[in-house]
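In what comes next, chain A is part of two complexes: it sits with chain B in the first one and with chain C in the second one.
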Partner chain A sequence: MNKRLVPYLFIAPYLALTVVFTIYPLLNAAVLAFYQTNGPASRTFVGIDNFRFLLGDPSFHRALTNTTVFTAASVVLVLPLAMGLAVLLHGRKGRARGFLRLLLFSPNLVGGIFVGILFAVLFTPRYGLMNRALHALFGWGLEERFLGNPALVMPAIVVTALWVSVGFNMIYFLAALQGVDKTLEEAARIDGANRLQVFRYVTLPSMRHVVGFVLVTTVISSFQLFELPLALLASTDGKGPDNSGLTLITYLYDVGFNTGDLGLGSAIGWIVAALIFGVSMIQLKLSGLAREQA
Partner chain B sequence: MSRFFSIEDFPYGKAPFWLLALALVSTLSVIVTQSSSAASRPELVLATFAPNHRESYQGVARRFEREHGVRVTVELVHSRALETRLGNALLAGTDVPDLAEIGAGAIAYFTRGPLSDVALHDLTDRIEREGIRKRLVESRLSLWSSRGRVFALPHDVHPVGLVYRADLVEELGIDVSRIETWDDFVALGPKVVRDLDGDGIVDRYLIDLPMGAAWGVQVLLLQRGVSLFDERGNVAFDQPETVETIAWYLHRIEGKDRVATECGWGQSLMKAMIDGLALFYMAPDWRTHTIMTDVPNAKGKLRVMPLPAWTPGGRRTSTWGGTGLVVTKTTRHPELAWQLAKALYFDGAELGRRFAATGILPPLADAWSLPEFRAPNAFYGGQPVGELFASLARETPPDWATPYKTQAETRLSDVFLRSLEHFRSHGDSGLKDVIRRELRVAREYLETVIGRNVQARH
Partner chain C sequence: MNPLRALVLAFGLGFVVLLFRTPKDPRPAVRYLATGVLVAAAAAVVSPFLWLVAAAFKDRSVLNEHVFFPPLGDWSSATLNLDNFRRLFQGDASLTGKVYFSQYVLNSLCVASLSTVLQVLLCSLAGYAFAKYSFAGKGLLLTFMLGTMMIPGVLLFAPVYDMVVRFGFVDSYAALILPGVVTPYGIFLFRQAILSVPNEMIDAGRIDGASEFSIYLKLVMPLVRPLTAAFCLVCFLGSWNAFFGPSVYLHAQQKLTLPVVLNMYLGVYGSDQGVFLAGTLLAIVPPALLFFALEKEFVSGLATGAVKG
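After this line comes the complex of A and B, so read on.
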């Protein structure tokens, strides 16, 4: 056998699976976005009508706004909190660090659906732990309907998501902190830099690849938010009152798998993909990581 | 191994050798597993999402096996997984169960598109030919129909009544037999609604009503004969009755005439029942049974009554939820599958036992005379709950399904919340105009969504 062909032979199974289960569905979804489907076998070519409809669709606008708000809140809250916890844990030694690391990471072990169900119970009016705690601390919130009041739904989703994602991202930052060159930090301290300056001018730049990675993955996962609101807002199929918890993927699911319009669902999917790609590119460009990679 | 072949003999190294070996072993495993599962595949497979259904079907399935010489397997799958997998498998043309039980909210997904494309057996002619329609509560077929054709057998009726804390109601001197209309009911508010411990927070309300979700409004609308869609799939909720119902509902959950609170689901609902946070709870037959298992220490304290009517002499019930049995077109034994469906749903003696075990009233009226339906229920203080629901069953309103039902529910919920917002800030002033406007906006949006489907008229 020609020796040059052997590597291709070994990657052939992977390629075959990728073509069948990734490339073909992607291309099919791209084609489907220009069709309107009705039932399992019937479809009609509608050109760009699905995209045009979404431009004027208030539900899609609401989903886009909600998803953007959630993404912004995730980035603004998750990254500093995860970094702060990582710095705190990095300064600790011995078993305490291991225990706290496990404790903070543990919400990730149970999965989004479980977290959603758990927090739905915690946010129960009158009997929920959150409501009781707020009432005990501030004399407010006992009968507050966090998952029934459109103004409070998104904050409730963000708080729930924080519980999961802060610990997860903290692990990345903790690993990055351990990889920072100690001699550089020591040199900065000898040169008179205080702790904040050392962190700002030495530690953080040394971690920029990890920060960039966490930033990009946080944005991507935020745009793909689905199972958490689905479980948290189960009584409204994940949409929340007045669509206050509707995300792009929840809307895609509703359109594609409740209404059965797979063409419109595919169009939403491609818009989400384009958004994620665009935002990630901007992030990489701004952070200069892409240039460094090149 | 070393005598005949050594890994070192493999020309491309150890890692590629093990990769190749792994690939071959996994491929062979898949082939062997597939062929063995195909060989052992039973002749009829029924998938259901309800554990108590699965339990209660075992006896019928074994008898059916003996009588027809076939093998019947009853599989239990979570409802969301069942509906998603069934939908995807039908789209992809892969293996699906011969029969499946699905929820009322999902049927329209399977019946969308041209009738010839629907992957479920059209049962209309069989139902007519075998005289089944006459024996059923006819309104229940609405849930399982599309464009005049029936695609599932209804499992239940789900008439709605009110479960109430009889001990507390009696303590307050309320005679429920005198409650005929919702006006009579609401008039009890001042007697019931109380801050019992003086902490400024009301501890007892008249009724449990959801503050935002659409189910409460929908149950009341159905009672008034207003469904989200009509028989032809047109949006039907933009009605004067809807305006009246939403305005009535808002006064019950907000403002000086408030008599309702939201007790939620699961544990919080059970705690509310035990605490007596609300005295009355909307309950279809299935919920009366759930309460029996979830709140065992309320035994003897609860009773069931019909819903108050909107007008004297009006309908005293509504409907909430439903399950239906479909026969997939891919079944290799459609006749046997139909026979099994009838055995499961229309076997009189079995229906009696099933009612005793699940509390769910079947739509087959012949069965209601069985002793199990008339038996006193010790949990409800010896009240014959089955008899009460059977007396309401014929009144249950039709509830038509379309693929746009969840979107319609969301829109109705939006109307409700925007009206609530107005009511909070402006009270009654212009309230009905706001409800009318929001209903029109919701209807127009849905009509746009439905209308853009170029094949919707097929």
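After this line comes the complex of A and C, so read on.
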């Protein structure tokens, strides 16, 4: 066999599958967004009507608002909690650290659908673990229908997502903390900085790349929130009462695969992609990652 | 005063006492507080799991009576039994006859295992080519891969579905496995790991007359075992927990995988929660087993990697 062909043979499966399952669909997505379809069988050209429809569609607005609220809440809650736990764990030695790290990470082994199913039951009025725990701690929430009350649906989704994502991002922060130069921290201590100052001015700046990375991945995955609300809000078709739990992707799934309009689904897909792209560009700029890597 | 509030209060008191015993040095109190926060976080993570286990084994009649398990004195086959599992496995009616829950477990296992094996094989092969061969167009391909990584998966939902249906792959597991089987992410991971494999070793293999493929399989792959183990876990989890693909591509009841079935049960069984909770418990056991089986592998692998060279 010709030796020069070997590397091409090794990457041939990748190339073939990418062309079929990424490049061709990507082009097709651009075409589909301008069609109205009824399942894959029939399609009619509608120009930019899909986008025009979405602009005035209250459900889409709701989905966009909900997703933005979820993303903001995730960033504001997940990052500090994950960082806090990572710092606390970093201060521990040996077995306790390994065990707790494993334990806090463990919800990530559970798929989004299963998490949704489990928490749908945990939020049962009167008997659910969440309702009971809230009542025991704060004297509130025992009879609350968290998944039936439009005002409480988003908080319920956020809390459920936290159960998974805090432990996930903590792993990154923990790894970053272990990579921080100890001599720098010690030098700052000797110069009279207290623990908080050392963290603020030495530790945090030296792990800014990881913080930036976690920020970007948290935003991107939050924008694509899908399986968890679908199962969590199964009693209201995955949308929540008055669409209070509708996200961009559950909306895409609903119009594209329940209603069967793949064209409108593609249009939503493009908008989500543009949002993700825009947000990651802004964040790359802000964190200075782009500049430093150039 | 309920037990949970009493516990929180007692913990707070302990903190105050520690602060007052050594007013000059707050470190013991801070450490105590840190331990408390870690324990609270651990409890918050564990309690849903514990609740799930309890709910799966509790009888229908006592499901809502106790927060977790009934008190030890009340343990009997009337309060704790396998009734939920029995009903879970009694089978669903479908157009083509009864379908049993064990069928869905088997489907999920098959799809996830096959998908994992293929992903590891194809990603590592390509990663090896990018790490250890020089060939025309390599730089261009690497840039292309980086570019495709920027495409969010949601954009491809509709067009891939459109294509799969046109090609007649509905109800075939190929539609679940093939679209995500070689990812730039996987290729880059293997490329990075294989870059640190010494070139002399590969050359030695060539001099000994080994074929290019057996160099990859017998020399290179054993050296990147820790990554392979971790990547296996990621692939298995992704496939085992996948919902979108199975929910749109599979129509026949006997082909369904666990996430789709359990999401359906949530509606079918409604208030009879024990049944789908038992199913959910079973659905999270295999990934957990794999995690614990592989954990040693990538930890020990990292240790051997450290003494190498």
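Here is the rule we use: the second predicted complex is superposed on the first by the 279 of 294 C-alpha atoms of A that agree within 3 Å, B and C clash if a C-alpha of one lies under 4 Å from a C-alpha of the other, contacts with A are read in each partner's own complex, and residues count from 1 in each chain.
Please note the rule applied: a contact is a pair of C-beta atoms (placed from the backbone, for glycine too) under 8 Å apart; a residue touches a chain by one contact, two chains touch by 3 or more.
Just so you know, these numbers come straight off a predicted model, no measurement behind them.
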Superposed partners chain B and chain C on chain A - clash or fit: clash
Which superposed partner A:146 touches (first chain B, second chain C, both, neither): neither
First, second, both or neither for A:26, with chain B first and chain C second: second
Partner chain(s) touched by A:13 [first = chain B, second = chain C, both, neither]: both
Which of chain B and chain C A:35 touches, first, second, both or neither: neither
Partner contacting more residues of chain A (chain B vs chain C): C
Which superposed partner A:168 touches (first chain B, second chain C, both, neither): neither
Touched partner set for A:112, first chain B, second chain C, both or neither: second
Touching partner for A:121 - first (chain B), second (chain C), both, neither: both
Which of chain B and chain C A:257 touches, first, second, both or neither: both
Part of chain C, among the options 76-84, 148-156, 166-174 or 184-192, whose backbone runs into chain B after overlay: 166-174
Footprint overlap on chain A, where chain B in one structure and chain C in the other make contact: 6, 10, 13, 39-40, 121, 126-127, 235, 257
Interface residues, chain C side, partner chain A - complex: 2-5, 8, 34, 37-38, 41-42, 44-49, 51-52, 55, 63-64, 67, 122-123, 125-126, 128-130, 133, 135, 138, 141, 148, 150-163, 165-166, 178-182, 187, 212, 216, 237, 240-244, 247-248, 259, 262-263, 266-267, 273, 276-277, 280, 283-284, 287-288, 291, 295
Residue ranges of chain B touching chain A (in the complex, touch as defined): 12, 16, 19-20, 23, 84, 87, 90-91, 109, 112-114, 117-119, 201, 210-213, 215, 261-262, 264-268, 271-272, 277, 403-404, 406-407, 410, 413-414, 417-418, 445, 449, 452-456, 458
In the complex, chain A residues that touch chain C: 1, 3-4, 6-8, 10-11, 13-14, 17-18, 20-26, 28-29, 32, 37, 39-40, 84-85, 88-89, 91-92, 100, 102-104, 106-114, 116-122, 126-127, 129, 132-133, 136-137, 163, 166-167, 220, 224, 226-227, 230-231, 234-235, 248-249, 252-253, 256-257, 262-263, 265-266, 269-270, 272-273, 276-277
Chain B partner contacts - residues on chain A that touch it in the complex: 6, 10, 13, 36, 38-42, 44, 46, 49, 53, 58, 121, 124-128, 142-143, 145, 148-150, 235-237, 239, 241-243, 254, 257-261
